[in-house]
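Notes follow the structure.
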């Protein structure tokens, strides 16, 4: 079984892809069947991933000695791309996380999407997404990764715009695609430059040639390439300044937000950096950039989440913030911490999103948390699971977030104090806004009269994810996550209890604060908002970045476009039309000579003949010569 | 001075130019057609003369005349038909009135 | 043929032809012009006969003096509306230009003809012209001959269609 | 090869034309069936040729040569290699799609399909011709039907169809006039009088004998560049393209944008590069600049367009810029990419025009402002739109990605900084394509559009056919790249030698 799973790992993305094709082409209108096929396909993927995980443990496959399969995709003179499978603990972790979350989210969707006209379409997109994401996870080279990278982007586009009849949804979808495209532009250039420099984009080969190159040529060009490559993750993982699409992406259905915009696709950027860590880790300047962008994004996202009202938007900014954490971890050199957090975050954040979906489902798609309240009695399962999620993300022991976040903070503290401080402040803020969310939604007096029931299909995944959110951190800590998913030699993790207790205390403090403001209403939130004044306004309006981008776009895209069109229409085409008008004018002039009087034409014709004859006269002696020689004409 | 090639050529030139003059001054389509026939005849005289006076083993010149006459006959037929048509459409055979091609 | 007679006959025919040609354009009555044209054609036929083209002389009389002129006269009849008296006047305004152009052409032609020295010693004296012509037409010129036949046919059809009027059905 | 496959492929549409002459104009159905059958057979044979073409040997295959005007060195000779075979395939696919997308033509359908088939034959002829004379002949054969079709079956929006038809025709003829001058000069110069030939292979060797001096090559290549560049809608000779497509009926837009334009790129490679290498090398920097202008300038303009056909028109100008870039980078990778991009763009623009044609035919609307949310009423057409749009954006898994990637890669090897600019085109493309897609396809249901039906029956054939090719060549690019590579890879050493030939930059540097 393990051996089979290992050598047939390529089936993991292929089966959901087949499910996509079958559902998309034939089964759009057979709702139950399409859901069954999609879930079966991803279950197959999960089982296979488990098998591969077993194989990795038993056969001693490590990050230094991965298992690789490849097949030729393109081969032309001077260029060859392979498609293939790379199996090492890193990719196995991703496979497990993606298949598991995807499976649970799809089960949840059976309940969530019930009665929607696009049910079949939804599951076909979900299958396509799973296929692309899994394909991305097992990529053996940059080009394969780029291919799937774009495909997950497409799925994200399709799923954000799933409710295509809603204008915000379609606008958000467009925004997501174009914003990530800007990042992909850099990524593509980076890949091209790598290909040019080394003649290969294969991870295994690059890993061998890059140190040699660095020894010989220094880090200059590679740093530029690295920055360009990093533009991709900035776009895809919602890092500042290309984060703007992620909050808007919440226009998609809640399961989509949970799966794509929290657990899997957005971490593709983190995964790319991790996969190519041999490149990034050898470039100190770049590592600094990554760390600072990550730290800034973490703080920045949290500060906006502070003041938002829509439940999924808060979670979206929280996702941005957590992704910042992961980048920070990568930047400070701890691949282990980053991937650890990636895993735990995938569980608790998708849990949170699914809970949010359930809440919104129950209260008629109301999104504003200030209009909710007192839901803990009416939906106890959701309340309990959501609380677990909130505790996990706030980093309280013994929930998973505690271990992973602590690992990141510890790593940051080792490298740079400012980064650590930003991290710990962000942790405090995270706890505060999550508590705010929790208290506003589930405590206080009830404002909804009717609450829809949460179906079984939706409850089961919540419970499983909640369980994972509890144990995944502890499990990882106990079973030495760092032995497997690592860069460089295995490091023995040990808790830095000082750091851990500091952050725990801060989180508790945040909870108390939030309870006083939002739970017991001891302090009025409005007054605080007023006191904070301009700061509150700025964060509430997301630092006006969207407006700024819209302005840029109007000036540099529409404005220049209009100017160019003007040039095209009146200068280039104008010249052409002027030439044609000139010709027309000339022909009008000439046509005056055409009197329509045939006899005039004849007279002119004869004049021509006369001229020809005059020419003949000039050569008359030659004619005579020919005649005299007895020759005929 | 014996009558030779040159005489015939001059005669044909004379006839041709008279025909041309008529062609240019007349306004009646029939008249123009007649002038054209005149010019064709002038040309035919040349053929006959060349055939007769130049060292030539056969009657190729006369064959050319036959073709020329054929073409002239065809031309008269079509020309007359055209004139009928024009008369039918314009109710005139005066060429000045037929200037639809005026630019 | 005797040289003297040849000369006399030539001048006679030439004078008739030129005079008749002048008559064609001088006459104000269209029918008179047509009659002069016939006369001119007959004179030209005479010239052909002088040039050992007896078959063509006959053709000339039959086709031109006979058919063509008659056709033209018929046409004149069919399109006649008023009296023929002034049916064929010259356009006063274009006389000068036409005269200049024609004279120019004439002068040019004369210049060329008078300055080219032809060697007209040998005279093509084939007796059986009809036979020789037939021989040539059906051997060397057979393709042109056939094409001429097709041309006549198509001219005939075209003339019928044109005269009948295609749009009248 | 005993079996004259290519000749048969060429002759079948003409046979259908002959057959159509005898079908009464009133029986619409049989006219369409005959045309469709002919194109089906032709496409079938082309696929057979594509499959049996031996890429491991490469070179001209399925050749056939019959002397025609031996005094001038003209012969009817046809054959395909790795560069022309994909183009032939493209022509047939789009030809068949064009026939089916014109299924609802009810104004003089007989004349329409006769002209369409002649047009397709002409285009195919240019691609299979191994003789320059035949090439030109077929090219001229193409221009006239297009004019008539635009004038009779076209549509008038911003510009009248008469204007559009005239602009299209005059531009093409102007281009071909330059080209003709160049070709005649080439013909006269390449060989001494008694050896003169129009054979392309022989002419391609002429520069080896030194008869074509460098300055001669530079001048003649410039003439060819004007001709083919106009055809390829090279900046600044591109304005015919959006106007022309806007006025033309669907099938003409499809064929014109899909394959006819590609004759420009094909000609630049086959005649420009192979016969006049020094000229090509000399002008390469200029072509790069103009190509970049195409890519970015046209993309910018496409962003502000309202009429769907104008968007696609400018988008095709923009994509042709990539072809120019791929050509002018002058290495095997970029050349492969250029040829592949011609195929890719052909398929996607044909699909675009097909779906726009359907929408226009049903609603008589083409403006982004008027059409909204048609995914509600026309889901199948919307899928076609999405496919075309996404491959235009260069999404991997569809046909557009690999060609662009290879072009970029080839260009990076020569002009890295300009290449970065070129890559930015992918962002602009995404902007204008997505703007159009989301406005036209998505959004609230417009009940005013409810009376219009989705595509069905024969109308689905182009969507399915072109969509299949898009996905197939996207997932398995080797099917396409392998064949092209067999045509381009042997040029490697030849292109290597070109490195030593001076280019425009050297001359300019000298003046400096």
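Think of it as A, B, C and D in the order they're written, each chain with its own count starting at 1.
FYI, a contact is a pair of C-beta atoms (placed from the backbone, for glycine too) under 8 Å apart; a residue touches a chain by one contact, two chains touch by 3 or more.
Please read all numbers here as calculations on a predicted model, not as lab measurements.
A count of contacting C-beta pairs for A-C and for A-D identifies A-D as the more extensively joined pair. Here the chain at the heart of the structure, going by C-alpha means, is D. Between the CA-based centres of chain A and chain C the separation comes to 93 Å, rounded to the whole angstrom.
Chain D has its Cα centroid 34 Å from the Cα centroid of chain A.
A straight line joining the Cα centres of chain A and chain B is 88 Å long. Once the centre of each chain is set as its mean CA position, chain B and chain C turn out to be 6 Å apart. Residues of chain B in contact with two or more other chains: 20, 24, 54, 96.
Residues of chain C in contact with two or more other chains: 94, 97-98, 101-102, 105, 109, 118-119.
Residue numbers of chain D whose C-beta contacts span two or more other chains: none are found. Listed by chain label, the pairs that touch are A-B, A-C, A-D, B-C.
Across the complex, chain C is touched by residues 2-11, 13-22, 24-28, 30-31, 33-35, 37-38, 41, 44-45, 48-49, 51-56, 58-60, 62-63, 65-67, 69-78, 80-85, 87-88, 93, 96 of chain B. Those residues of chain B lying in contact with chain A across their complex are 20, 23-24, 32, 54, 95-96, 98-103. Residues 590-599, 602-603, 606, 632 of chain A touch chain B in their complex. Looking at the complex, you find that chain A touches chain D at residues 72-79, 143, 146-148, 150-151, 154, 161, 164-167, 169-171, 173-174, 177-178, 181-182, 184-185, 188-189, 192-193, 195-196, 557-558, 560-562, 564-565, 568, 572-573, 576, 580.
Residue ranges of chain A in contact with chain C, taken from their complex: 599, 603, 606-607, 609-610, 613-614, 616-617, 620, 623-624, 627-628, 630.
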